[in-house]
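A, B, C and D label the chains in the order they appear, each numbered from 1.
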Amino acid sequence: MRRALLARLGHGAIVIALVVSACFTLIRLAPGDPFFRDLDAARLTTAQREAQRAAFGYDRPIPEQFVRYVGQVASGELGWSHSRSQPVADALAATLPATLLLITVATLLAFGIGVPLGAWMGWHAEHPLARAVDRVAVIVLAVPDYLLALLAVMGPALAWGLFPIGGMRTEFGPRGLGGLLDVVHHLALPALALALPVAATAARLQCAAMRATRDHAFVRTARAKGGDDRLARRHALRAALVPVLSFAGVHLAVAVSGVVVIERIFAWPGMGRLLFEGVLARDYPLVAGGVLVASIGTVLGTLLADLALRWADPRQQALR
Amino acid sequence: MTRRSLRALLLALPLLTACDRLRGPAGAGTVIVSTAADPDPFLPPTRTSVTGRMVSELLFDPLVEIGADLNPFGEAGFVPRLAASWRWSPDSLAVTFTLDPKARWHDGTSVTARDVVTGLALIRDPANGSPVAGEVVDIDSIVAVDARTARVHFHERSAEQLYSASLVYPMPSHLLDSLPAGGLATSAFAQRPVGSGPYRLVEREPKVRLVLGAVEDHYRGRPGPDRIALTISPDPATGIAKVWAEEADVWELLPPPDVTAATAYPQVRLVPYNGWDYTFVAFNFRAPNDTAAAHPLLADPAVRVALTQALDRTGLIRALFDSLAHPLLGPFVRAQFTADTTIAPIPFDTLAPARTLDSLGWTGRTRDGIRLRDGRPLRLRALVPAPSANRVRAAVLVQEQWRRAGVDLVIDKREAQAFGAARDGGDFDVVFGGWGTTPSVRGLRSTWGSGARAGWGRQNSGRYASAIFDSLVADGLASADPVVTRDRIRAAYRVIVADAAAVWLYEPMPVAAVHRRFLLPTWRPEAWWRTLPSWRLDPEAPALARDARPTAP
Amino acid sequence: MTRPQRHRVDATTLLTVGGIVALTLAGPALAPYAPTEALDPQRLAWQPPSAQFLLGTDGFSRDVLSRFLVGARHTLGVALLAAGVALVLGTAVGLGAALAGRWRESFLMRCTDALLAMPRLLVLLLVVTGTGALRLDALALVLGATGWMTTARLVRQETRRLLATDALRGAIVLGVPPARLVTHHLLPALAPTLAVAATGAFASAVPLESGLSYLGLGVPTPLPSWGNIIAEAEGDLLRRWWVVVFPTAAIVGTVLLANRVAERLTHGDAP
Amino acid sequence: MSATLPALRVHGLGVTFAGAGRLVLDAIEFSLGRGEALGVCGPSGAGKTTLALALLGLLPRGARYAQGTERHLGALRLDDLDDRGWSAVRGRRIAMVFQEPLLALHPALRVRRQIVEVGRLHGLTDQESTRRLHEGLETMGFATPDRIADRFPHQLSGGQRQRVLLAMAMLMRPEVLIADEPTTALDPERRDAVGDALANLRRDHGTALLLISHDIALLRARCDAVVSLRDGRLADAPVVDAPVAGVSTRAAPTTYDAGADPMTHDALTASTRPTSASPNAAAAPLLRVEHLHVGYHTPSVGAEDADGADDVLRDLSFTLARGEVLGVVGPSGAGKTTLAQAILRLLPTRRGRVVFDGTDLAAIDGEPLRRLRRRLQHVAQDAGASLPAHQSASAAVAEGLEVHGIARGAAARTQAAALLAEVGFPATLVDARIDTLSTGERQRVAIARALGPGPDLLICDEPTASLDPERREQVLALLERLRDTRGLALLLISHDPAAIARLAPRVLPL
């Protein structure tokens, strides 16, 4: 078990290294440079450009920059973000909590809604309501995610005034407990917009798994033992969690793409925006640092999902 | 949907309360400015964006500032700031500034002449990448005569000498002189700048928000609003919605549909003002892949004129802006001192382009109606910046109109960085360019000058080069008489318009949205924030929670 | 072990798919106006649906119905091609990994994981901002090239499962060479899995194209696509509902249909 | 509980399935007194399992009871029970042992938890449940109940799982125990132990037993009465299915029965203790297995009985000469199939070597291995599943010829037809799809396919297990002929002592 875990972590490290070096190279190959700041404003002379690039070593060949970057990272230094005028580490520290909050709440919300709902739908697959919910779930999945988010901004936030338009807290709003509530208030719509498609997928997967499981022999055994409907359902659910947990592992990688759109629309001060803007601004160290953190998060999340998968299905002995 | 003229709608608005008092009373609430762009960088030597200018000019005072009539020539149009007074040398090649004795940095240190020297040094350090560097090439050096006297030496006499000096913001030498070369951007100072302006930086979350607090003991008096906050929403729709929802107070430039929408929000006041930006389609005079060679098509003035004639700019502008933009007359906006509204544009004409192109041998037609010559279609590649929704939309309309003239316009829409790289590399046939002008004619020099002189032609994407144009501008700047200067510049405008260096598209007439609880002074079109310190709350309007005076200093 | 009779996709679904294909092919012929033609930007922009413009007009006064009809082939074509590319790449990598074994499998799967861990949007952004707007085929290629990983994992898993079955072991012991093993034994057995993966890839590519259009990375202007018709509303969904509602309904309908096909295929082949 | 009332009384029990017109069970009547045992036999598809489920009210979705169904448990009328009422009855008063033990156990819960849960549901303390759990597992022949209890079902062998299910069913000392094929996965010794345990349950706790099996011998041995179920109807009188001619009652159609005779088994074991050098393999042996260890890294569904050891095969050595037939025998779970798979390189070996005609099989890979496979062929245990289901019989056989370059196209088809004819496959069926063939026909196709490449050694894994006696006889004759005419060496894995005795002069017990 421990060896498998270590091997898994080793694989994770390889994945992270591959992701970071790919992004590192890709963004440096894209035209434009970090010191090009504004669309039409006075442009710098070639000499100024060269001086700036040289000051940060961007005039060196990419492999050399990469080796330097690796050395830098090894010594805990992530570089300087040009587009945000702050150290990359500070930028990540400032945006990571917001994104973690958003993703965590959205994930909990998604699976908290999706799994019970899907389990119910699967157990009562013949119920007309279950079929109706399934239809709704497919529609939610089919609607482009940004439209859902925009609708949330237009409807509940702007037209009905129930929620703030964007951002993470009210400018000069309350502090302390009130501040916390304020954050929750701001969080509600983006988290929901991020969670809905995931919840729909989770519900459909859970529904299918539950539907397949409910007639399994071991569920019959639960009844034959003297278990009631609840116990049977519990036994079925325990075994039917596997596909949903597999999905949860992949979901995290997808969620990073999702937050890019959601954070943009809701002006949420998180890493999705940081990465998006970093790419647009050709902020090399920021993108590399952001991708590093994002891939660490993804790898850890996948690992977590795998552990949960082992729990749900002990037959998956080896951590693949 | 019948659309009433938006301009008529705006005219029907109650006139702005004239309030020209420069200082507002203390405690004039909190102004939240909603914006899509991060102000960074916002130090005077390195600022680039409009929001960056806004923050830098609230944080730092210049030596002198251009006055309300926006005349950049000579000295009549300038008002003192950190410099209480100035004196010309007999040969007019130097100006000696005497600093205001009350002027202090936010940390309490006096502003000294050395700070002026530091200000120029930071601009001149190439590794700082100051966009101002190209604007102040006529300054030779700055000498600190004594603690409160700084003398600026110029290479040559020019109508805009004082304007050049106004671009050099004194910077606190006691904090910055120890910086290594190119170290301004990464310095601790850039994170926590110490300025001399009416506001100090209180808080900054990059790309999210920035909060400025009033400097209580400012040498020009305490500014009105206690706090000015910028809240940044990457999606403009969200940013504008914040103003509708009273989460923010100001949006500087509303798109026309939102001007209509604003009427649904009674707390929003619309403020129309004169624009300082213009948009054009510049022709590339050089071959896209080889800047040494002339462009195979567009180097021919007849083609440029034909393409210009083929565009119905009035229709295009109405489609894009309703009535909230003027057709552009040349490389200037109407609010400029040098503006010349008598210039006759190359008229829209459906027949003339066909005749010209026929005579040039573009007689064949593809199935889609695109003209052919020797089997090759008449195709142009347009570089369009994706971040500018207006220019993307304009490109689609231009594409459609040129298609009718048998010209195939391929829209190459790129994100800012890639757009910049392609534009600077001359990799395009036409480029949808834009330019935020200033009162001075420096923009004219750098955007359309040939680059034969220092500071000229830096922005000249299409590499238009006209000796007549250059010499007219140079003559104008050399004159000491503002009227002569203006006449020469106007003559230069006529030259470049006749040359059809670009299709002059539009100059928008911006409309700002501002919360009604503020009583506004006159809206400075080129820099509306300059009067922000004199905003005050309307005592009749209900204040919002955020207007309560902040408890922490 | 006998296979259950494969369920066929039912007639209604087939008819609907056929209808969509026909509409897509005939789209340009049916369009009442040229899809890129700005009819009268001053007077006819943002016209709500009327007898003249059944689905209204957009901000450039282009007929939405015409754009919708012609856009179908761009949206569906891109999605179809992207799904095809993803299918081919994913099957190749998944099969390769499962058959290569040991460190080669490990390496391939680590690369797959790495690509999966890379936010797809950022990769697309990097590619698109680097090169400017992509042509349709290039766009589909990029979408496919960034979307094959789940298929690869699925195929690898299924291949590994198949390799442990008696049928495949029988073929191996018989001495069937690897190439023939793939073409004669694995691919036929993988077919249902691949069909489901392909419909899934297609169903996810349709809304993705729309999402990219919102970020300005989708089908290049002025070519219409369902995604960029919606994006034309520039976020003003409520006042310009007609440019949002119809293409969205079409996207949702297409995805629902693809799901239905996938469901039929899955249920038909469940063991 | 009244002593006069029977433990279980069924009257007019009928079951229909939605969609199916006829009754799956029709007017079933029987009664079962305290401590009595009733055997129900019948061919597969007769409704045996449905009967068991119907008694517990656990009919699958879509099934309905016919009008007039009456089931009484002592004085309790079961038909009136609601969900809660059933909960109190099931597991405590009527318990059930399901047919497929792997599927009947929850895959993600440890054995202990699954069994203790029964006690919990019926008011036992966990302590008491645990005590009974240990006792029950010991009764079922587990030497180390604790270790078994801490495993997941997939970590157990089929036989172990079956016994675990029995222990679970016995936990509450039910009044009625319904056991559906409770011994199919067991080897003969275990089967007897389980039979004894059931008998003890009857004796000690007065449990009435309803034993369902297709194995009449078992029913005869363990039940007071045996009835037969055919087409959903219970035959009035216990029917004795006429045993197939030539097969004694003891050696019933299932191969396990033969092994049940301890004498036969001992005799086989004693016959040859394998030594490193076999006397009649003085020349270079065709196959040499040296100190072979094979184990599973991850105990999987098919994992054999691995009580006490991780390796399925430990330090196994033997040789096989050209043209020789070696029988491999052993109880289920001894590793017979594992040995075949290890030799065929379908499983990695832990230690030791497999040398085929001078080549260490572990040392080659890729193309050389593939070419060697031509000489080393296999007829899998479930021969039908090892064939490409969607191909025709002749195509499946021709493939073996084509991949080894023996013949191509039409020639390959012709040769394939000849091979099929050689193994006695009906010529009319050569173009029929494999999945339309019967088990015996597929077995022949599998053998023909394996013969195609012209192997020197054929490994036959239970070639007769799934065949009826007539077919069995044919296949054995075929193998005999092949040995004689082709000089084929055979590694014959079988439960069937008759087959072994007939073909293999030498036997390797596992």
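Points worth noting:
Please note the rule applied: contacts are C-beta pairs under 8 Å (C-beta built on N, C-alpha and C of every residue); 3 or more make two chains touch, one makes a residue touch a chain.
The shown structure was predicted, so the numbers you read here are calculated from the model rather than taken from an experiment.
With C-D and A-B as the two chain pairs, more C-beta contacts join A-B.
We define each chain's centre as the mean of its Cα atoms; on that basis chain C and chain D are separated by 46 Å. The distance from the centre of chain A to the centre of chain B, with each centre set as the mean of the Cα atoms, comes to 38 Å. Averaged C-alpha coordinates put the centre of chain B at 85 Å from the centre of chain D. A straight line joining the Cα centres of chain A and chain C is 22 Å long.
Counting partners per residue, chain C has 125, 129-130, 235 as the residues that reach two or more other chains. For chain B, residues that reach two or more other chains under the stated contact definition are 235, 237, 415, 417-418, 422.
Which chains touch which is summed up as A-B, A-C, A-D, B-C, C-D. Of all residues in chain C, only 36-38, 41-42, 45-48, 59-61, 125, 128-133, 216, 220-222, 234-236, 239 touch chain B in the complex they form.
Of all the residues in chain A, the ones that touch chain C in their complex are 11, 14-16, 18-19, 22-23, 26-27, 29-32, 138-139, 141-147, 150-151, 153-154, 159, 212, 250, 253-254, 256-257, 260-261, 275-276, 279-280, 287, 291, 294-295, 298-299, 302. Touching chain D in their complex are the following residues of chain C: 1-3, 165-167, 169-177, 180, 184-185, 188. Interface residues of chain C facing chain A in the complex, by the touch rule stated above, are 106, 110-111, 113-114, 116-123, 125-127, 129-130, 150, 203, 206-208, 210-211, 214-215, 227, 230, 235, 237-238, 244, 248, 251-256, 259, 270.
Partner chain C is touched in their complex by these residues of chain B: 1, 235, 237, 257, 261, 315-316, 318-320, 386, 389, 392-393, 395-397, 399-400, 403, 411-415, 417-418, 422.
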